[in-house]
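Listed after this line are the structures, all set down as structure tokens.
In the two assemblies presented below, chain A is common to both, partnered first by chain B and then by chain C.
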Partner chain A sequence: MTQQASYGFWRAAGKRLWADKLARVCMAILAIYFAMAVASGLGWIAADWNEEVGVSYANPSFLGEDYPNPQGKNSMISQEVLVIDDKQKAVDPLAPYYAEIEQRAAAYEQEELKPSWTLPLGGDKWGRDILAKVIQAGEVSITVGVAAAALAVLVGTLLGAIGGYFGGKLGDLLEWFYNIFTSVPYILLVLAFAAVFGKGISTVILVLGFTGWTGTYRLIRSEYIKQRGRDYVMAANAIGASHARKMFVHILPNVSHLILVQLSQLVVDFIKAEVILSFLGLGVPTDAVSWGIMINEVMPELVLGKWWQLAAVATVMSTFVVAFGLFTDLLRDALDPKASRR
Partner chain B sequence: MTTENLLEIKNLHVSFRLGKSETFEALKGVNYVIPKNSVVALVGESGSGKSVSAMAIMDLLPRANTVIAPESGLVFEGVDLLKQSEKQRRALCGKQISMIFQDPMTSLNPVYKVGDQIVEVLRLHKPLSKAAAKQRAVELLREVGIPDPETRINSYPHEMSGGQQQRVMIAMAIACEPKLLIADEPTTALDVTIQKQIIELLIKLKATHGMSVLFITHDLELVREIADHVVVMHRGVIKEQGASEQVFTAPKDPYTRALLACRPTIDKRPIRLPVVEDFLAGREHELPQGERSRGVLASDPIVLEVRNLKKTFRVKQGLFSHKEVAAVKDVSFKLARGKTLGIVGESGSGKTTLGKTILRLNSCEGGEVIYEGKNLMSLSDKEFMPYKRQMQIVFQNPYASLNPRFTVGDILLEPMRVHGIHDSDKDRAEHAMQLLKRVGLDEKAFNKYPHEFSGGQRQRVSIARCLTMKPEILVCDESVSALDVSVQAQVLNLLQELQDEYGMSYLFISHDLNVVKYISDEVLVMNHGEMVEYANADELYRQPKHAYTQKLLAAIPGRG
Partner chain C sequence: MSAYLLRRIWQMIPTLAGVILLVFFLFNVFGGDPAAILAGKIASKEKIEAIRDQLGLNAPIWVQLWIFVKQVFTFDFGNSWSTNEAVSAIILQKAPVSLTVMLQVWLLDAIIAVTLAVAVAYKRGSLTDRAVMGICTAAMSISLLLYVVVGQWLLGYKLEIFPVLGWSDDLWTNVSTYAPLPILLLLFVSVAPSLRLYRSFVVEETSHDYARTARAKGASEHRVMFVHVLRNAAVPIVTNLAMALPGLFVGSFVVEMVFSIPGLGKEIVTAVLRSDFPVIKAITVYLAILTMVVNLLVDLLYKWLDPRVELK
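Right, the complex of A and B next:
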């Protein structure tokens, strides 16, 4: 018997993961993203993303105000100050009312909005701050990705577990269902779902979740078929454990690492899928913003030479996707006992 | 340079890199020689390093994480192999030195015909035309005893039996007339009767080709007749080596004596099997003397009665049809209280299926299993539930039968929770602790995971899991077959003690006739699903009536 402290599977995997420098970097990046998403969700940051705080296509601060920009400062139309002299007053029919107009106007507080010419990461067409926008969009995209992946994995695992564990007629039935489901072209399926559910963030989650379970189903089903014949399941059978117990107490922990890896892969997939859906106009509604919507907006901007929205969203999104993807790979390595043999 | 030695292994140190700083020393300075035209047996338990030394000779160790110390030497006909280039060594392997492995089913490529695989080896090392190589392949197959080699040369590996596949492997190994044949546990995966044939074949080939054989095995008894020299290894160190006669008749090292003693034999049945610790601690003269008498009398109370049990499997044939394959045909027996019924048979005899069917881990297609006056086979799942705890099973592979994600505590508490034994988890945990102690494990084991234990300790956990339910009947399905010889003795002793203490009845399923003889009161011999012979153990071993039983008994190693 070994004398060292007893490590369960998860602790050992966690230790292996932590030992990897790259994994730590990825985890730090992801932690920042999730913290931002939560903070944005609670309204602490980027709550006023929809305010038009800058001029249309405001320059990013680091480029300065003088960067050639049709709407920029160098193209500002100089305002001619109109001086009304007595000669003019004599012919102006409104002249007697000037005093009254000014008096009445003074009753209202007037604030001159001074849209700024530059914003930290620039502005969009309406002069909204791209920094706030990309954070807000991140919140939506990450929520959609995580929630849809969780839903897809839940459906896939449940069906896969039932199909794989029981097999037989029930398994065949699920298999037929799966085959029919996957025979429909994916985009068409998504369009159909989107058309039925209507538009909204929760729709995107449902659409992606209910169309994306198939891969998880296949994987979990095959794993359950493999595990159900194992001796430890037979042993559980011999002591009188129920089907549900064998499925979810005995076998599930033995396939949970696969589920986790599936989950993280699907998060990335769904964030990208949301981009495509939004691009097609089936994504989040127009009053909300997501990374996909931002990318969709970019097309006409590029023609005008306004590259900063694309740069911001592309950098933020690809950093997240790459970090998440790497993390998934490292997680799989850490969870796979064979990989740990080196 | 010596002329009579084919291969000299000099001070061989092999270590494996486990992590950045960790290394594991598999061989700690091993010296032995393989003389020309002789059989050297390398004997040891798992982890002894016996296979590592063979793989070092064949240059099969992974180069990335293997360190062979510079002072090591592998002198083959006067040339140090370790100083040769990779290419030179490749050329030597297969031609001068060849190897056969434990499992022929995984060593042959399943998508090529066996003939093509032999032809490949031949043409790799010899300038032969395709036709000539094929001709030679037929000769080789004939030599290794494959009937009708002209047609069998076009067979795929799966069309042959395990024994025939191993013969093909041997044909490939001797194809280029090697001077040294390394046989790494060549018969472990095979049935006893086949094992005997393969060993006879190896002896014959050694004589006709004048080659040397390095025979690696865990079973000392197996090499008694064939080996000229025996090398006994333990944890990377050679414990003893010498001429075969000396090692078997007057072993010098206590470890060798232990290996010889702790394996149950067919002619003795000690009250308690000696274990390695007895010898290493110098207690070998304090072993309990006397033999246990066994057998079932007509007056013994019967716990379980099996009548005409039948089990068939449906095998799909084509798209819509299927055929039925009978795994167990018409088996009947009575199990007496506190006694052991041994069920022996070769692979495919249906012995394991029989055990599982009785426990209703399989469906059943006919017959009755009477327990407490009820036919268990006709009960619904719900009605059967209370009987489940009365009948438990210990599986063969202790690495697979414990859920790797459960702690030992979870494993032991679960059956008690399922069956509502004790009122609280505190009482259950207390009971579990007692049982852990009873099966010879530390209380600390409670919070550990199965992977932290050795095979023998895991089998103890499996046994403890069964004991939580206080079963009346315990099915031991090859429960000690996967264990090392020394551990096997410990577990057999434990099983015997528990039977004496709790009065359990055992159904002991095994292919190992020695073990079955040791532990059984009655023996049932199975062949192809049929019950061949059923009698008291002593009587059956003394006077086997059926021809198949006689054949089985004659194949036991060490019995000529």
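Right, the complex of A and C next:
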């Protein structure tokens, strides 16, 4: 009889998560999104999202070229070719220079742009490809969400660890910070920070990160208060471990699963917040593109009957948010089987 | 009781001081030179200097802080930098507009969510229960923006059931004509999470011993649910409802922008876009005070609803 080694905590949690079909579907979806975001960030795909590749409001390919584009294919303008005969040459003062003009013009590379009448998912007002645009927007939104969540979790964990581990005067000071930040309604706090720091992708990350740390702080602080009296911390103390070592080498691994769940939850929250901020014109600058900016553009388009940008961004964004939200719930169940779900 | 009250109010002072400091440093230290913002893009040095003098920016920082503290307690934040209206007048004028919409949302959300929560908790575990919860999860993951954009286009523009946007000076016209569509759309967003939360409160109560005792003595399921369980579940539900109160004053930023409702939410967004610091400062500080007061009232309410709670 062979004895099977029991699994470690992370391995067991991973197995629990993997055993769930829904979790596997969610992870597959998220993997696709993150792969797209990375590929777009490296310029492999959607690098030309800002190019005018189609006519204004080009139809999605499956709708065909004519309907409902009011110009339609039949109204395509063709240039009339003028033939210059001798009679005209006689009165044209430029006639002796024709050869020279053509010769000089040939020195410059010329390219005739043929905007296409249909694009895979249609085009926007400026004839940009919505497929490329939604991928690029996804890259920006996901980057903002992940980076801001990482920052918020870092700040929250650090302050929570210090406040919970040391307590006392230092803990009171941090509690004071916490009370200040939570006494202002969250979205108002974000707007006040946004008003001061202005626009830009990195600014949005900083604003969301430095206003969104309170939940993590609360959770980690209460965990540290619980853990600091445990035997293993006492043992570490007895062998002369420093405060920093006890906090981050001994206790931190025991609360890391909570941090991971917080991170996952905050990514979803911050992506939603970024979308709202950008929509209001306070987030990502307008020369970049994010899901919020795309939604901002669709209102006049709908009145014209151009629904494809809305359809694309709504589907892509909602799929991501639903998948990430479900994944967070399942991750919480897998990592913390005893915790009750609300 | 009065000792508790006094201590709680005493404890608010450091938090309030902190909020004032945060807002002051945020806008007066990190906020850039307001004189340069006010003077516009092409301004002479003398003009900027004159505005700095006028705003008191050349005074030492503790003098400026003292002026700000005085502003908070006298409810006099001076005039808006962009419209030159008194900030207090703006707040008093805009807050009721937000409330016109938000109070109805709050009330309807409470009625719908509590009724549905009890109904699905009544049939917990059934297909209906799981279907409703599934719909809630799906509804929660759709962004408010999509509801608003699609709702305005479909119900306002395409089907012409409601006006696309607008607001009037007459309260009744607002309530009957302009408010219903924003309210409907906000309810789509708010009912789902409330319903899920309230259902969990009710379900948790049904598993307690007293519910089993009530059933054992022969009380009907109806009586158990409405007389025994609901009264206990009411404590967290009412708390949750009361906590939402401060938010009602600022309304919903997105909805007020899209439907151009001249409430505080729209005012804040325009103030942020125009770097109109006095308006943002005033609203932030007062909202913080309101939140603290509401938190205290919630604790008192808790005690009143559930006499077992000890106020320490």
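Remarks
Just so it is clear, the second predicted complex is superposed on the first by the 292 of 342 C-alpha atoms of A that agree within 3 Å, B and C clash if a C-alpha of one lies under 4 Å from a C-alpha of the other, contacts with A are read in each partner's own complex, and residues count from 1 in each chain.
By our rule, contacts are C-beta pairs under 8 Å (C-beta built on N, C-alpha and C of every residue); 3 or more make two chains touch, one makes a residue touch a chain.
As the structure is a prediction and not an experimental result, all values here were calculated from the model.
After superposition onto chain A, the partners chain B and chain C occupy separate space and fit alongside each other. In the superposed pair of complexes, A:21 makes contact with neither chain B nor chain C. When both complexes are overlaid on chain A, the residue A:9 reaches chain B alone and has no touch with chain C.
Legend: residue contacts after superposition of the two complexes on their common chain; A:325 is shown touching chain C, with no touch to chain B. With both structures placed on the common chain, the touch criterion links A:87 to neither chain B nor chain C. By the document's definition of touching, of the two partners only chain B reaches A:239; chain C does not. Once the two complexes are laid over each other on the shared chain, residue contacts for A:183 go to chain C alone; chain B is not touched. In the superposed three-chain arrangement, the CA centre of chain A forms the vertex of an angle with the CA centres of chain B and chain C, and that angle is 70 degrees when rounded to a multiple of 10. Which of chain B and chain C touches more residues of chain A: that partner is C. Once chain A of one complex is fitted onto chain A of the other, the partner contacts of A:169 are absent, as it touches neither chain B nor chain C.
Looking at the shared chain after the overlay, A:197 reaches chain C, while chain B stays out of its contact range. For the three-chain overlay built from the shared chain A, the minimum Cα spacing from chain B to chain C equals 6 Å.
The contact surfaces that chain B and chain C form on chain A in the two complexes overlap at residues 342.
Residues 1-2, 6-9, 230-232, 234-241, 245, 250, 253-254, 342 of chain A touch chain B in their complex.
On the chain A side of its complex with chain C, the touching residues are 176-177, 179-181, 183-185, 187-189, 191-197, 272, 275-276, 279-282, 292, 295, 298-299, 302-303, 310, 314, 317-318, 321-322, 325-326, 342. Residue ranges on chain B touching chain A, taken from their complex, read 18-19, 65, 356, 359, 361, 385, 388-389, 392-393, 395-397, 400-407, 414-415, 418-419, 441-442, 444-445, 447-449, 452-453, 457, 462, 465, 469. The touching residues of chain C, counted against chain A in their complex, run 14-15, 18-19, 22-23, 26-27, 30-32, 137-138, 140-146, 149-150, 152-153, 157, 196-197, 200, 246-247, 250, 253-254, 257-258, 268-269, 271-273, 275, 277, 280, 283-284, 287-288, 291-292.
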